[in-house]
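Two complexes, one shared chain (chain A), two partners (chain B, chain C).
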Partner chain A sequence: MPEAWGRVLQPIRIYLFTVPALLVIGAFFVYPILLSVNLSFTNFTGVGVANYIGWANYERFLSRSRYLNSVGVTIKFTFLVVVFQTLIGLVFAALLHRMPAIRNFCRAVLFTPAMMSFVIVGYVWQFIYAPYTGGLNAFLSAIGLESLARGWLGDPSTALFAIAATHVWMFVGYTTAIFLVGFANIPSDIEEAGRLDGASSWQRFRYLELPLLAPSFTVNIILSTVGTLKTFELPFIMTRGGPDRATNTLSLEIVNNLFGSYKFGFASALSIVMLLIVVAVAIVQNIYLKRREDNQ
Partner chain B sequence: MKSLKIGLAGAVLTATLCGTAYADKIVLDVTAWKGNEAEPAGLPELIEKFEAENPEIDVEFSYISRLDTDVVLPPRLQGNNAPDVMMTDMPLVKIWSEAGLLADLGKDSPWYGNIEPALQPSVTAGEAVYIMPLEVIGMGNFVNLSLLKQAGVEDIPTTLDGLKDACGKLADAGIKPLVFTGSFSAPLFVIANGIERAEGQAAPYGSPDKTFAGDAAFGSVLDTVRELIDARCLDPKGQAGLDPWSTALTAFKSGDFAMMPQGAWNIADFSSVADLDFAFAPIPSGKDTGVALDLFGIGWSVSANSQHQEAARKFVSFFSEEENLQIMLDAESAYSPFVGGQSGTSDVTKPYDASRAEGGVIMYPFAVLDWPKPLEKEIWDSLTGFLLNTDRSNDEVLERWDEAVEDS
Partner chain C sequence: MRPMIRRVVSIFGQASVVVVTLAMLAPVFYMIMMSFRTSAEIAEEPLAMPQALYLGNYANALENMNYWQGVLNSLGITLTVTVLVALLGSMAAYPLARRTNRFTRGVILIVALGLATPPFVTITPIYVIFRNLGLLDSYPGIVIAFTALNLPLAVFFYTSFISAIPKELEEAARLDNCGDWQVYWYIVRPLLGPATATLSLFVTLMVWNDFTYPLLLLSSPEKFTVMISVYRFVGNLNIQPDMLFPAAVLGSAPLLVLFMIFQRRIVSGVTAGAVK
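Right, the complex of A and B next:
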């Protein structure tokens, strides 16, 4: 009899080992998401009773242009950050890969801003971009480019770019570090073969290193996309979503609805929308980048 | 052995006595977003005084910033673990009292009858009172007296004509006249003048009864802003780049601007700047007095589930006594919310005090719940947009305000 039971249990035993992990995931990841979904159908204010209001929060999201505008701002901001952070990180990594003497020192220097608090970085750059007393305008004036001086954070056409530049400055060290690992994983004999065949430094980078860095691209792009889609810190500190919502990301909209307006139900609806966007973007990116890796 | 026994007996006796003394004491859990080193508001001194006068009560004070109050206290209130006494403001009182989490302090409280008549209806919810107001703080126009003098401006402007005249002289002297950030200073000006032109009636705008769009009072204030631009008071596009909470304050302190609508809570900071000769005046308006835009900021509330209701109420009442409240008002440069109460203001605020005395007071509508909180941010955003493009029609700006009221 016990032997028979053993045979019956054998196929499911392996799954029993996953139960503790599933319980942890269920309690700390799935349950909060389900709770948020539930709250998104209520008018909960953070305390008291949450009254069911149907799809009203989602209807409001779709019927007010300000929220759709926030989605647009978030996507534009993410695109800017991911493109420039990846390209600049790649350039730094390629240069440092060829300069082993200063590689470690430069890697540490580039990584330093990422270890600073968002609040400090935000305030410092706010003063750099200030229209009347800011360092950037003073520098432009000093080199004779006074005509370019402006209120960088006060002009809707430049504010998002200014914050994106700060974000890139802060996290380009991460990207560089990941690419440097990618460079380190390229077998040295491939590079050596390239050299023996007379390939220039640019040709080795373009035709040998770049294709072999595909996994580093995947990691960098997915991490920076997911991280940037959720960002609210720098827009919150530097512009509070202004001027006139030009930098009002979806995360910032969620924070504003939660604290100050006490619309926990509506903020939950917005967070579900954001979750769907993040998941959709991550899946599409992952499929595309993995396929690209496989084709190398 | 004998000495060991005596020692043990002594220790047991001491522990028992201490334990009894501690058990007799009521420990009152109090939270506030003032009372820290940066913004003491006289609280450390007042709590010490309260404990000395009430030896049976031990106040356990915790500083929680205003922003953190939104995060930290709701779960404690929901979990029946709230502090006994909490610093609150009207938006918090509205949410927490509607959920039945605050104790009714009662209209029969000794201090209730003394609240300023203009404020009393705002702190009363039907037959209940959930907050004891602590202070009223001014929002007005900071003026750099040295720069005004340098430009030949004799008097601090309190009227619109006076302001335009001063702007012209300042601009001629190469001095930037006015900080007018869309996300605070401009809204103070527009709200103060709009309510003044609406004969002081703010509440109807916060309800579906009345709209901002098409309203003569608020529409005409936007026209006035255009006139200020024509009078060279401000560079509208440059204003959007100033942050009212950091770069604008630094610019004013550095003497880059002659005037700036802001809150009186900056007085202590500005006073610490050597050579900054400034005054705190009312917001220039259509009347000679200007507008003293009073902000009812903070008060004490008691948790409905507090086990120490009597001690909590004693603590709250302690702050309504004039000599005690004065310590806080002095530290905050604020006004008493009680009839005949003194202020903690100094010579710097004389122009603002004069406006208050002459009836120029308007209560900031968000702090007394006349207008819903989400509208405040919408006003900041829309006025920033307006300053960036003053060709926008008045209704285009004001319709956004109505939308915010409708959504809240």
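Right, the complex of A and C next:
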């Protein structure tokens, strides 16, 4: 009999290799998402029974400015980070591409902060931004710019920018490294042709390299967007979402509802909102950036 | 004369880029310098250099933050997760790289779903599931959570790696009557070293630096990873610089040292993982 079984299983045996991974992904991604959808229609508090309350959690989300505000904060933060990280990374990569002697050294230096954890970066930068004992204000007054000194994280108008700057500092080396791969993939005869035609360094960048870097833009923008939309640790450590909820991101709101007030049902509804936002943004970006690549 | 001028300009340009790049390290330098100063010194002169090699902050941090226990925990979790992710990921990748049909396309779709889902979407249900299974505050629990988080990336990573391996070796083995498992175990798996090396860098970075999962899933101090030890030691209110900076240095030192040694490999590995 085992032989007969062997003959039946033979053609599909190779696919059984995917079963362990599928079990893990099924149990810890697919099932949790379904459970999250289910919980989002309940008033579950972590203990006892979960009562179905229909769309009440979603109505609560839509009717309180606090939650819509946290979506706004998340999107504004993501926009700031993606724009500045991409631009600064591009400038570094364009310069380093022309400077082979220092390229690897500078790439490694720029990459260093990405080795550190959000917790430590958050702590150190919180102290750098501190009003009286912090490094930034002390530095500003040392170079005669005292008038710019302020409580960076205590002021609702600067707090989000300050955290975005920290995030960009952490990951700009990543963006630079990806752009450098893009530069390296540009066929050298194209660059050579540009040089023979007497194109200046800027003209080569603008008319030859920039269009050919489209795939690197796609990778960088999608990676940094997906990485930034879920921002939690930096505001959690640096501001706790304050001042005046100016840095209260959606993930911070999820964790606060979960472990601050045990609103498991509502936290699940917020998670589903987050999933929808991430999926929507990813689809729009993918379509737009791929089309942009094809047009180049 | 002109080439001479051009060379001077080029050297000047490169020097300025190096200076700007090194300025990006100022916060890291600041963190190390401040860790040798007392709170009173920092309050008085926020930017001064340390007066002497004062190690009191470190003595206090090492004594009170449970550092070595945290290092051991992070190491143990990293190793276990790396082995699990490498095994499950490469096994699943083998058929995905060698066959294309409705089934493999469906599996790739499910893996992509795992890759795209932000951890915050699944954190509530995972907490509930872990509590029901008794996995909260346990090593198996945190190992499973990290394995699940890293697995989708591993599957993609190995799939593209195996696709690039020529099939001839496997076909020869099949003629010798090797089954699928034997082909995978004796032919494919031994070739995966470079991919596994890069993957283990990802896992190390994630396990060492991740904050959210261990914060929510672990509650007894003897099980904390390094980052949770740092967080519990420094706290969240009334933060003291003489605790913050030494803990920050101790928390990031192992990965920074690792980075100095394997800098080229880490940058190209992480970048390759992103570009693929």
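The definition used in the following text is that the second predicted complex is superposed on the first by the 268 of 296 C-alpha atoms of A that agree within 3 Å, B and C clash if a C-alpha of one lies under 4 Å from a C-alpha of the other, contacts with A are read in each partner's own complex, and residues count from 1 in each chain.
By our rule, a residue touches a chain if its C-beta (ideal position, glycine included) is under 8 Å from a C-beta of that chain, and two chains touch if they have at least 3 such contacts.
Because the structure is predicted, anything quoted here is derived from the model rather than measured.
Applying the stated clash criterion after superposition on chain A shows that chain B and chain C collide.
Looking at the shared chain after the overlay, A:A267 reaches chain C, while chain B stays out of its contact range. Of the two partner chains, chain C is the only one that A:A101 touches; chain B does not reach it. Look at A:M116: by the touch rule set out above, it reaches chain C but stays clear of chain B.
The wider contact with chain A, measured as residues touched, comes from C rather than the other of chain B and chain C. After overlaying the two complexes on the shared chain, residue contacts for A:I33 are found with chain C alone; chain B is out of touch. Contact with chain C, but none with chain B, is seen for A:W125 once the two complexes are overlaid on the shared chain. When the two complexes are overlaid on their common chain A, residue A:F259 makes contact with chain B and with chain C alike.
By the touch criterion defined above, A:W202 lies against neither chain B nor chain C after alignment on the C-alpha atoms of chain A. Of the two partner chains placed by the overlay, chain B and chain C both lie in contact with A:R240.
Shared interface residues of chain A (contacting chain B in one complex, chain C in the other): 46, 123, 126-127, 132-134, 240, 258-259. Residues 13-14, 17-18, 21-22, 24-25, 27-28, 30-31, 34, 42-43, 46-47, 88-89, 91-92, 94-96, 98-99, 103-104, 107, 110-111, 113-114, 116-129, 144-145, 147-148, 151-152, 155, 179-181, 184, 205, 208-212, 216, 227, 230-231, 234, 236, 239, 241, 244-245, 247-248, 251-252, 255-256, 258-259, 263-264, 266-267, 270-271, 274-275 of chain C are the ones touching chain A in the complex. Listed in rising order, the residues of chain A touching chain C in the complex are 13-15, 17-18, 20-22, 24-33, 35-36, 39, 46, 92, 95-96, 99, 101-102, 104-120, 123-128, 132-135, 137-139, 142, 169, 172-174, 177-178, 181, 219, 223, 226, 229-230, 232-233, 237, 240, 250-251, 254-255, 258-259, 264, 267-268, 271-272, 274-275, 278-279, 282.
On the chain B side of its complex with chain A, the touching residues are 67, 70-71, 74, 77-78, 91, 95-96, 98-101, 176, 182-183, 237-243, 246-247, 250-251, 254, 256, 373-374, 377, 380-382, 384-385, 388, 403, 407-408. Chain contact summary for the complex, chain A toward chain B: residues 45-49, 60, 64, 123, 126-127, 129-134, 150-156, 238-245, 256, 258-263.
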